[in-house]
Amino acid sequence: MNENPYFPNLALITSIRDEVGGDRAIKTFQTRFVNGNNFTFKSGQCAMLSVFGKGEAMISISNSPFTKDFLQFSILKSGRVTSALHNMENGSIIGVRGPYGNSFPMEKWKGRNLIFIGGGIGLAPLWSVLKTALVNKKDYGDLMLIYGARTSKDIVFKDELYDLRSEMTVHLSIDKDESGWNEFVGFVPENVKSKVSWPQNSIAIICGPPIMIKFVISTLAELGFEDEQIYTTVENKMKCGIGKCGRCSIGEHYVCTEGPVYSWAELKKLPQEY
Amino acid sequence: MEQYEPRIIAFLCKWCSSAGSDLAGVSRMKYPPNIIPITVMCSGSVSPLYVLSAFRNGADGVLISGCHPGDCHYIKGNFYARRKILLLTELLNYIGMDEKRFKMSWVSAAEGAKFTELAKDFVEEIRFLGPQNKLIRGN
Amino acid sequence: MEVVIQRDSFPQLLEKLNRYNIWLPRKNGDYWEFKLSRGKESLDKKYTNTKLSPKKFVLPQTETLFQITEGENGKFNIDEKQKKDSLDIVFGIRPCDGVALSHLDKVFLNSFKDPYYSKKRDNTVFIGLACETPPFENCSCTTMGESPFSTKGLDILLKDIGDRYIVEYITDKGKKLFSGFPNLFGKITTKDKESLEKIKKESNKKIKKRVEDLSETTKKLDIMFDSDLWFHESQSCINCGICTYLCPSCHCFDINDEQLSKKPLNVKRVRTWDNCQFPIFTMHSSGHNPRPDKQSRYRRRIYHKFSYFYKTEGEHLCTGCGRCSNYCPAGINIFETLQKVAEYE
Amino acid sequence: MVHIEDIKKEAKRLLKEKKIKYLIGYKRGTNGLTALPTFIKEPEDTDELIWEASCIQNLSRYLVEEKKEQLKNKAENTLPVGIIAKACDTRSIAVLLQEKFLERKDIYIIGVSCEYGGVIDQKKIKKKFRGKKPEKVIFDKTNNLLIGTKFGNIKVPAEEILAERCIECKSTFPLLCDDVFGENVKRKISEHFNSIKEIEELPAESRWEFWHGHLEKCIRCFACRSVCPMCFCTECVVDPIELAVTNESTAREKAEKVKWIERSTTATDNIIFQLVRTLHLAGRCIDCGECERVCPVDIPIRLLNKKMEKTALEKFGYESGFDINMPSLISNFKDEDPQDFIR
């Protein structure tokens, strides 16, 4: 790997899967470096993807570190770079640098129940930690996923979610009722309230839009979760990824280096600028 | 030595000037290939920013052409253009850009000959001036 | 180590160094800036300080990181442009700006060493010029715990004692630069030392301390994030970038791709200065903005300089040069804000 | 003569009777002679108001900020905002009203006539009074200024320290006022458009050198844009990303935003930025000179706008800032508009 931290390593897109269509389309990409092996990373870390001519975007890695032959990114079409990524084909070349940021403290969680709570594209960062937990299933207590999307069409990883039910509890929700939907209807925090009843010895890991995170945290607090039992990932705009350019800062932290994973106990102490 | 070939961006209104240039084409009146036409809906829709952007991207000259006064498909678009373009002309001249590099004309759908003549003159004028090197991007 | 050079010998020194790029402060209209030397010159006695800080020597406003070109069948070639190998010598850095260089070092040379910054830093010799009088009314290095004779961040410091300069070598790089021409330099005498002491004392006296106790400010910042002081202090702010672009310590930047041609793709990845006072600085792609108003942006600037940086690096990210306050279109004075924070109850 | 005590009294009354939400005015600066903007809510704070030749800023920019905040928060404006405005400042308010960006009922204008004077140019003062700190500037009726310093009064011809725009001022008396202080007097120091004559007479190549040399220095701090009351767009062509993004903006809108210029501060892109700004201000700029005053690298931006002002007047008989019912320069035309430049 190049010593220059700004240097994008060339990577080949090896697979593209459509998750969600429409205006807010989501696709899942797998990439492999052109020269040499993938970098090693931990669950929760991010990578800076470049589309040459368009720029860079920080995306969380959504596969488990145990799958070593590719890096996986699930990307919501949102701006200049992500739109360009959505226009790419199998075999296209992009730039990847990283991995950046801290990771989920999975060692610390051993012996605890894990509750994953996600909304929309927020399932992507959770997916990596969830898959890792499944590999070492015996290290943890009960596993549960609570995931919500706007409509049934906006649910990502549909097939995999179906398969997942054989290994752990999965609760899905959509915002408004649809015919043929026989799971929870309503917002994620409400679903959390109705499904979670065992704060003791549990860890809740949240990822989703900022407003959802906020409400889920207060719901969990009501249910009796301690601040140290709640983890979330924070997203801010990033450019350098290495704690210099200044824009992802929250207080004295740079999300790209000290974040993106925070326990609510830690995040609470920082200014709420995210 | 190879002859210098100027590049001229021409913003032509769809209803008159663009049709005029087409007429020149089908009538076998040859106008120089140095003119790169861009059809716009109306000369009034040409933002001064388009002109600056054309220069920035390497145009040696820029032409804006619309319908004759009174003939505008949108009634008065070309009158608005007239004001805007005069302001732009004065400003470009004021900062020392060669005013000859920027032109406006009225060409109707029937004036293929006028368009051809105009294009030829403009190309020769720019050929004489040489490449535009003042507003080139990256400089 | 200290030696002495006669003021009259200064042009000769420049001549001996002429194979390098020599930058001297020169007046451009109403303000001073660093310009390439035209040969035999002296340091202008009237020189105050440059309006734009010398950070451009190590962090230029616009800098190409590398160029990406598309080769055959979709392959890309990335050319890391690092052409700078020649030595730049900058004369007339005021000690406050030297201190700022030491701040930038902390940002760019720590973990994830920045190769562009580091190369420029290595290939530039910064020669300071101590202030016998504060150049501006808002000068206040002493507030920040520095002095008009500070040597931080510099390679050499010149101290003007009238008809001669006392030359203090700070780094080996500085020492090496002048080592080739010993006959231009003399030994420092007791008299020189005495006049220096006198000037130093005078100079320190002339600089007003603008904040009584800065440690109090830093302490108070911990408890006043939600204070309405930020609203009042920033009410006249107009969201321009003067304070940060002129600041010698501010270093936030942006990275963008600039297309030179589409097919085959030819792109420059460019780093440019950016600015925490612009609303778009922190705006997410969704339109959500963590710092949506000028009050939170102004607060960010003060906190970054006097609380956050202090927590992580043990120093204030401010040198007291006063540029932000001298040139603020709305007349916002950073020292007044700091004093108000210190007095906050 | 304008007496500050009268202004204070009126301001106090307005605040006491809750006629205005708050007052934007000037207070004593801490950094030399320049006055600072102040925002007064409480009647008793009106004592800090000042009125003198150092009240340089065009405070109507803050009306624009207030309006933008309101639009963002979708708040109803209940009380008008009071503002102390010089003649030129009222002309900028007039343009904002003409363009329907502001509503007349939302502002309360306390106009102050500059009478025989105007405001000082800080740079000129600095040069003229090197070492001596001017403390007070008084105008007499003979185009001379009396400058009070520690060393006594000094008499200086107006053009030596007045801001350039004041020397060329069309009228020193404010318009559209709810209250007005000072007299309506005629005074003339210099011909209109005198300042751009010198440049206009240069040969084209020298004009290019002049402007290229200046605009090359631009550091894109956007202070000119930020200080300008007419630059109220939520989105500017030079911004690298769209500012007007909301939750509803589609990815396509965001991705396809045209990059007219790059963020690199190349001379070409600096020039295009300033040209676009100048054109956008044609027929709108009322020559308050703020852009030039704030420019940290001393680009004579005012002279660009002045050229457009001159063109508008000479070619279209249009003058901005005097009539709020007139259609604006480029949203209008006349049959007899010049067209001899068109082939």
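Before moving on, here are some points about what is shown:
Which chain is which? They are A, B, C and D, in the order written, and residues in each are numbered from 1.
We take it that a contact is a pair of C-beta atoms (placed from the backbone, for glycine too) under 8 Å apart; a residue touches a chain by one contact, two chains touch by 3 or more.
In this text the structure is predicted, and so the values were computed from the model without any measurement.
Counted by C-beta pairs in contact, the busier of A-D and C-D is C-D.
Between subunit A and subunit B, the centres computed from C-alpha atoms are 52 Å apart.
Separation between the centroids of subunit A and subunit D, computed from CA atoms only, is 49 Å.
Annotation: 32 Å between the Cα-based centres of subunit C and subunit D. Note on chain placement: the centre of subunit A and the centre of subunit C lie 39 Å apart, centres being C-alpha means. In subunit B, the positions touching at least two other chains are 138. Counting partners per residue, subunit D has 241, 254, 262, 264, 266 as the residues that reach two or more other chains. Looking at subunit C, residues 254, 256, 283, 285-286, 288 sit in touch with two or more other chains.
Inter-chain contacts occur between A-C, A-D, B-D, C-D.
On the subunit D side of its complex with subunit C, the touching residues are 29-32, 34, 36-39, 57, 61-62, 65, 69, 123, 126-127, 219-223, 225-227, 239-241, 243, 245-247, 249, 254, 262-266, 290, 293-294, 296-298. Partner subunit A is touched in their complex by these residues of subunit C: 65-66, 68, 70, 74-76, 78, 80, 107-108, 111-115, 225, 251-257, 259, 262, 265, 267, 269, 274, 276, 281-286, 288, 290-291, 296, 300, 303-304, 307-309, 311-312. Against subunit D, the residues of subunit B that register as touching in their complex are 48-49, 52-53, 56, 69, 76, 79-80, 82-98, 103-106, 118, 134-139.
Subunit C meets subunit D in the complex at residues 29-31, 51-52, 61-62, 137-138, 235-236, 238-242, 245-246, 254, 256, 258, 270, 272-273, 275, 278-280, 283, 285-288, 293, 325-327, 329-331, 333, 336. Against subunit B, in their complex, subunit D makes its touches with residues 199-200, 204-212, 237, 260-262, 264, 266-269, 271-272, 275-276, 278-279, 282, 304, 307-308, 311-312, 315-316, 329-333, 335, 337-339, 341-343.
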